[in-house]
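Heads up: the structure comes next, in structure tokens.
Residue numbering begins at 1 within each chain, and the chains themselves are lettered A, B and C in the order written.
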């Protein structure tokens, strides 16, 4: 009796594990299977202009907006994380940390709406790189902040004490003593934030809108394409080729994101080993 | 021999004192600037949050005045027609035939997200227990990578997978079996449709929030003291009983927090739902298999149309939807973080120093 | 402009030639929230001597040591009362720069804590930050200090390498060289050999004796034999209070307090 109950319990657990593992595999398999006819080099050299079946405009747009997000949210997020970890204390610190975490709970569609109303309309930037970058930056800021915070906090206390005992200034302590061991975790946080930005759709629909052309120069009044947009818009089109393009774009997006996630993880693992070294 | 110049006594500073103090004032200045710049950056997340809330509230005011409580009780959400003269109501203008009743959307959001989280929690806990009790350590770190990858799959990709593969499969092979339960749960009676609808959306949402819940659960399970578990095993309990008596009670509060966070994510999820749920703006589906709509999918699906309305009330109605969504998301997020704070204060060592 | 600030800085920090040399503690008390860690500590640490601070675990040895370079400043909830003077100047007086103080008071910790910088930078970082040496002088300083602690031969070929490949003992020597690079007047050692092998311990003890010819040294230790080997004076604490302050010879051969006798003979502690 006792063992039958146990067996049923573990059987259900095994099914649960399978349910966790199966979808990711099936998603990748589906993407590869449907996208197969389009998977050749010309996919990357063709835009969606005039019914073209390619991801060139999508990739260029995604890379541009990704770079922009790194430029905007990167420094702000790292400095904010530094402030929370190293400068703030007591109640202000707890509140700043709490609200930064809560910001991560804002639905991305709401961020898209705010971007549309304020950036595209009220500020008159139109559908543009600038609007898209600012909206996406709001979205990923909390991740950069959190990872930076954790990075600084995981530096062993003995190093801080050593720096303090030598009378080093705060700036020198941060730059020369805390930053080297914290840097890998900060970088992996940025990489993961970049992965999140690459996969977002909703905020871009209302700030970048869409263009079949490659991105043009100009920060404002320049709608542009992006990979998730290729997936979204092509999937809704009736032709078989467009349909395949949606899956091909999805595959490219997923591969990019998976590479970023793995890179972030490798950096984190190296960082852990390094921090373990710091404590003799 | 080791000490060079030991006869010197206390070594004098190699530089004059004035230079040291000058340097001191420079570093003090550098410290202040760093502090100030970091403080400004530190306020940005809080500022962004406040900014989002204010923009949503202000944008929603016209629609709130226009529909009043009708927003929460009406069951027809229609942007109206811009090809007819606008109507006037409560001193506001709106397109002809406009009606902003969001009850079906609110219900759709709650139903999908609750089904999703209701499934994601047992799946996550079961999977993590299986892993931590039966599989080697290597497999565990592999799963955490796997969960990170699953979390990285974009919502829009889940959407096309749900429509193309998952939905049709479920409609063909699984939902017909579920209709057998129709006598117990009336909402599970047929017809099962083609796989786009409330239930498929809920199931895909469940898969999407599993990484959040499972990753947290894994952390919590790892923190269960080995001593407590070995104590139970030493009493002759089976692994199953140990899990029930020691592990699960130990992680229960943490899982509640994770569930709240996951629920918040499911509430706000847009693109996947937009694809899968079938987008019906008015009324209620007759069962769980058929099309419905949620708050977030409605914003994404109708913004284009709302933009053509010159009175601006349509776009404001979407803001009201967004505001409701924002409030629900923030409340669940708030609650989850408060709970997890309580748990981690118990579990983490206190007094982490400077 | 820097001249004026320099004067303001030096006046408070070094107060030349007025009172006695060495470290003088007057009625020092340290509290953490409601807990009393130290109370009514008054004692003198003679200049250019080694004073061992001993006592049972939790008696406040390390707390006392950390009061002398104001390491408690950062810890919220810590309150320090009374005064500590170095060469006659109160280090807790208003206007005293804590960084200037710590330049003159070096510290070595229980476990080596080299910075994640090259071996050479570990030593030159602080003197450079304090503006004591130029970039060119720094290279010379690195060699001088590494030679002083007997590490030069071992690391001369890899000055730009990470210090984390050194053995624990070598790392601790590097940290000692790092502290010496600021030419401190006072050196605070917090159980510096507790994590090291006997050979390195002996080496460091020899260094301490040599350094005491020019530096005032305070060493916290659990190891009574070590205290007997290297100290000139002993300060014995129990429960946050001074039990006995005596010369090493007196403390170990003919202690004045019954509790000291019990501690020395191993009956308490």
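One rule holds in what follows: a residue touches a chain if its C-beta (ideal position, glycine included) is under 8 Å from a C-beta of that chain, and two chains touch if they have at least 3 such contacts.
The structure displayed is predicted, hence computed values, not measured ones.
Averaging Cα atoms per chain gives one point for each, and the point farthest from that of chain C is the centre of B.
Of all chains displayed, A has the C-alpha centre closest to the centre of the whole protein C-alpha set.
Work out the mean CA point of chain B and of chain C, and you get 52 Å between them.
Chain B has its Cα centroid 15 Å from the Cα centroid of chain A. Averaging C-alpha coordinates per chain places the centre of chain A 47 Å away from that of chain C. Counting partners per residue, chain A has 161, 164, 169, 172 as the residues that reach two or more other chains.
Listed for chain C are residues 74, 99-100, 103, 129-130, each touching two or more other chains.
Multi-chain contact residues of chain B (touching two or more other chains): 27, 353-354. Interface residues of chain B, counted against chain A in their complex, comprise 27-28, 30-31, 34-35, 37-46, 48-49, 51-52, 55-56, 59, 122-127, 129-131, 133-134, 143, 145-150, 152-161, 163-166, 207, 210, 214, 238-241, 243, 261, 264-265, 267-271, 275, 296, 299-300, 303, 315, 318-319, 322, 325-326, 329-330, 332-334, 337, 352-354.
Those residues of chain A lying in contact with chain C across their complex are 89-90, 156, 158-159, 161-169, 172, 176-177, 180-181, 274, 277-280. In the complex of the two chains, the chain A residues touching chain B come out as 2-3, 5-6, 9-10, 12-17, 19-21, 23-24, 26-27, 30-31, 34, 75-77, 79-80, 82-84, 86-88, 95-96, 98-114, 116-118, 138, 141-142, 145, 153, 157, 160-161, 164, 169-172, 174, 195-196, 198-202, 205-206, 228, 231-232, 235, 246-247, 250, 253-254, 257-258, 260-262, 265. Interface of chain C with chain A (complex): residues 69, 71, 74, 76, 98-103, 106-107, 109, 111-117, 121, 125-126, 129-130, 164, 168, 171, 175, 178-179, 182, 188, 195.
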